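Provided herewith is a single structure, encoded as structure tokens, for subsequent inquiry.
Order of writing sets the chain letters: A, B, C and D. Residues in each chain are counted from 1.
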Amino acid sequence: MPTSDTATLLIHCPDQPGLVHDVTGFIFSHGGNILDLEQHIDPLGNLFFMRVEWSLEKFHLEKEEIDSRFSILGRRHQMWWKLHFASQRKRLALFVSKESHCLYDLLSRHEAGELPVEIPVVVSNHEVLRPAAERFGIPFHHFPITPANKAAQEEAQIALLREHGIDTVVLARYMQIVSPALIREFPDAILNIHHSFLPAFVGAKPYHQAYERGVKIIGATSHYVTEDLDQGPIIHQDVMRVSHEDSVADLVRLGKDLEKTVLAKALWWHVMNRLLVYRNKTVVFS
Amino acid sequence: MPTSDTATLLIHCPDQPGLVHDVTGFIFSHGGNILDLEQHIDPLGNLFFMRVEWSLEKFHLEKEEIDSRFSILGRRHQMWWKLHFASQRKRLALFVSKESHCLYDLLSRHEAGELPVEIPVVVSNHEVLRPAAERFGIPFHHFPITPANKAAQEEAQIALLREHGIDTVVLARYMQIVSPALIREFPDAILNIHHSFLPAFVGAKPYHQAYERGVKIIGATSHYVTEDLDQGPIIHQDVMRVSHEDSVADLVRLGKDLEKTVLAKALWWHVMNRLLVYRNKTVVFS
Amino acid sequence: MPTSDTATLLIHCPDQPGLVHDVTGFIFSHGGNILDLEQHIDPLGNLFFMRVEWSLEKFHLEKEEIDSRFSILGRRHQMWWKLHFASQRKRLALFVSKESHCLYDLLSRHEAGELPVEIPVVVSNHEVLRPAAERFGIPFHHFPITPANKAAQEEAQIALLREHGIDTVVLARYMQIVSPALIREFPDAILNIHHSFLPAFVGAKPYHQAYERGVKIIGATSHYVTEDLDQGPIIHQDVMRVSHEDSVADLVRLGKDLEKTVLAKALWWHVMNRLLVYRNKTVVFS
Amino acid sequence: MPTSDTATLLIHCPDQPGLVHDVTGFIFSHGGNILDLEQHIDPLGNLFFMRVEWSLEKFHLEKEEIDSRFSILGRRHQMWWKLHFASQRKRLALFVSKESHCLYDLLSRHEAGELPVEIPVVVSNHEVLRPAAERFGIPFHHFPITPANKAAQEEAQIALLREHGIDTVVLARYMQIVSPALIREFPDAILNIHHSFLPAFVGAKPYHQAYERGVKIIGATSHYVTEDLDQGPIIHQDVMRVSHEDSVADLVRLGKDLEKTVLAKALWWHVMNRLLVYRNKTVVFS
């Protein structure tokens, strides 16, 4: 990993000849050295997708100027683009309920320096995991949810997230459906972990559904949250073999390992600015 | 592998103490030596499941007598059971349409001696794969299917299968829905390969469905055929990672490797008498 | 899972007809109901292997008597056997150095009730992970190791383990070679996690070795510790795909997920009394 | 997939700013539209790696001129590069011995149109697989090898390969060590399939070695052949779970599925011009 700061551009736009040349010209003309570039087109949609990361070591534009300078080129080619800096760590809110495995997994990665993010808050609808969060020194905020107070509590949550400059929400087995207000506040920035290989077993109790159907593999899926339940763009999925001897309780226990690693991997790509959402799918520049 | 013949009993029944002792007593009292035994109970349903294979080398009951002698014990414990002999090779009919990958895979395994079965016939609704079958010396029977002749053709197929003493039908990418008449003729003995990880993407064009949903894994499922389309007991499943760059054509191409290996593995367990069907699930004694 | 206590017998001996019948006869004659039985023979070595677990709910032998009563049968057939009770939880010592991922993984599983064991002590040659252990309420014992004090410190470790009635030692990324004295104290009861797919990359810095060789998969292996370094009986292995873009640091980071899950799975089988060691291999009754 | 022809450049060279811009400038200035570009640097070695594929539909350089025109730019940056055209199908010689599984797998993929190559010859040191090759209409050449005739036979093989314009040799379970003369004739163009996860179990009888060591996974590795046996750059690897119940014969049977799919996948990348060899490793632009 480079020790100096880097900039990353994620781009999609209608395809035409010369796009890579133009973008790399912008970088080269200001003294940037490209570290990593991936580009492909979707021939069906005539679409151009690109991720480019370059070193800012000898780049002679101020970081604050880059986006506006790039916008001339971007607008000319009708680009959607997003600029990120490696030094600007994402600020995460972890939403949890009662299950600790994803929470501990993320907090211990964070403590070990594996996950270059800030985690200013853990949010929960239950008190159960307060000790878990606080052991790792992360403030824990309890928002008990009832049908009566749900809207008000979500407003309070949003206020808390704003106050802490949160840019990414991780639903780490948060067993509540989040509101459209929250989803609109964090477009393509709320990651969920669903405990099945979507689109199989949407909705509640997927391990019970899997047991009933007698599947030989179980899975987990991390996706961005949209207003359609369990229908958002899939980021990452993995599966595990199970057998006729496994009870629902076994599936629940075994599945936790999938949930932890699938969520952590999806979050890694999000944090590394390797994800681009287009037409309810993700492009993973891995 | 033992060179002498072996017998295998598959059993399920209500659980009670002493069942293993009774069954192994039957085998031991006639001079059999057990090679492999797996037994477990389903505590929810109070059900007993067992597979036992023993050497017939010094067994002093005639093979023809075993089943009727065992039936005394079997009836006493309200058992469902099935007796197989390793020397009695399964007789397969392979049903195909136009795609050759599963057919070649099975025929080349058979030729190499990997698959201890007889394959007296290949059946198809198209002429396309006649050369493929005939190169391996397997008679090819063409039954063109139209809405008008479907019932009559299936009767003719059943007659052919009876004539050849077929006991197992393998739908090796046979792109027709088989009739209830055929299904009833071969209960728990028609294996299908579906090109998705069921229950995701049932029905037609699963790779198109997978592409549309933007999944990150594709799968294949082999199951016994029942009268509910794609709802039969699942025998084996496997998956493979795909990416945003894969077109539908790529998924189709990549998925063939899954289809081949998943079907071959499911068939292996069927042929080795390692499968037991109960409540629309399989027990795989692997 | 049954709520009443269960007994488990692990057995190997020379094969002969009637063994399963005899063992199940012992269980049945005292009122035991078998929950799970797996038996197979190794035809090359004429060896018999078996695991049987039965409910003690209506078993009318005292638990203290079972082993001695079984010994009559056991000796007659020249059996090696081991008797376990589900109610008798294993008592673990976790040995760690500076890396926290396996420690946190095991402690969080334990706290969540996933791992039915006692963990009276964490032992380390460094102070680094004291806070990690103590946050989960587990006493932490620091034994700094130098070439000069190594023998004495290991004696002190053994004394500590005896004092706490430890029966299983887990080397959860303990970066020291343990002494023959400790190994003899815990035969087939010290689990290690090695960060490669053994036998590839034995010894130090396996990820560096993997990087140099340009492998496309990395792995982790959990094995019982014997006096030959990295040569003990393998319990479990898993692998993960890597690419030419992954640096040694990436391999180290990615490999942690393998190390955690492979060690936890191996430990699960050990704790569930599903492992039998024979001729430097494990039989995994999974 | 684009219907018109495409050109692909594989490049490595010392890193410096502006390289992507220069290469894409060459393409753009002659009217090419980039379909796919992947570039990364190895920060340790200060090395630049790139693959770019572009449409020749509106490219206004003759195909014959591209390489020499590019060489001005290439030499200026001390590049190693290789130019390929999609329309120029690779010409394969398949080398086999007695095992048919890889041969049938490749021939059936080829027949189904999955593998866009020419296969003018099958070469073998045994007659066994002549019928297999000839059924698919591929000429079969038998070169019996003895210690006395080995050098002469390999010369004859090389002459045959030259005569047929072969550019890629696939050792599809060819159980002979190929000579330095052949290896020098086809640098980075001889693919082998080794039946273990290298570097574990180099040399003869890897499944026997795996059985002896008691591993829980077996593997297969496809690599380019160099003069050091089993030490060439690894292209692809995969593994499969096995158990204590699997005999050497089971490992051999199960491993065939790995060998087939690993070799086919490695060959796919070779054929698609997605492989670059550097310092005894492969870069896989997948």
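Note that in this section contacts are C-beta pairs under 8 Å (C-beta built on N, C-alpha and C of every residue); 3 or more make two chains touch, one makes a residue touch a chain.
Quick caveat, the model's predicted, so the values are computed rather than measured.
*Asks:* What is the chain whose Cα centroid lies farthest from the Cα centroid of chain D?
*Replies:* Comparing chain centres, C lies farthest from chain D.
*Asks:* Counting shared numbers against all numbers at the contact of chain B and chain C, is it over half, same, or under half, different?
*Replies:* same
*Asks:* Report the inter-chain centroid distance for chain A and chain B in whole angstrom, where each centroid is the mean of the CA atoms.
*Replies:* Comparing mean C-alpha positions, chain B is 42 Å from chain A.
*Asks:* Once you find the CA centre of chain A and the CA centre of chain C, what distance in Å lies between them?
*Replies:* Those two chain centres are 36 Å apart.
*Asks:* Find every residue in chain C that makes contact with two or more other chains and list them.
*Replies:* Each of 1, 40, 43, 245, 247 in chain C touches at least two other chains.
*Asks:* Using the touch definition from the top, list the residues of chain D that touch chain C in their complex.
*Replies:* Touching chain C: residues 40, 43-44, 49, 197-201, 213-217, 219, 233-239, 243-245, 247, 280-284, 286 of chain D.
*Asks:* Residues of chain B touching chain C in their complex?
*Replies:* Per the touch definition, chain B meets chain C at residues 1-2, 15-21, 24-25, 27-28, 31-41, 43, 58.
*Asks:* Flag every residue of chain C that touches chain A in the complex, lowest number first.
*Replies:* 1, 99-101, 104-105, 108-109, 111-112, 114, 135-136, 245, 247, 249, 253, 256-257, 261, 264
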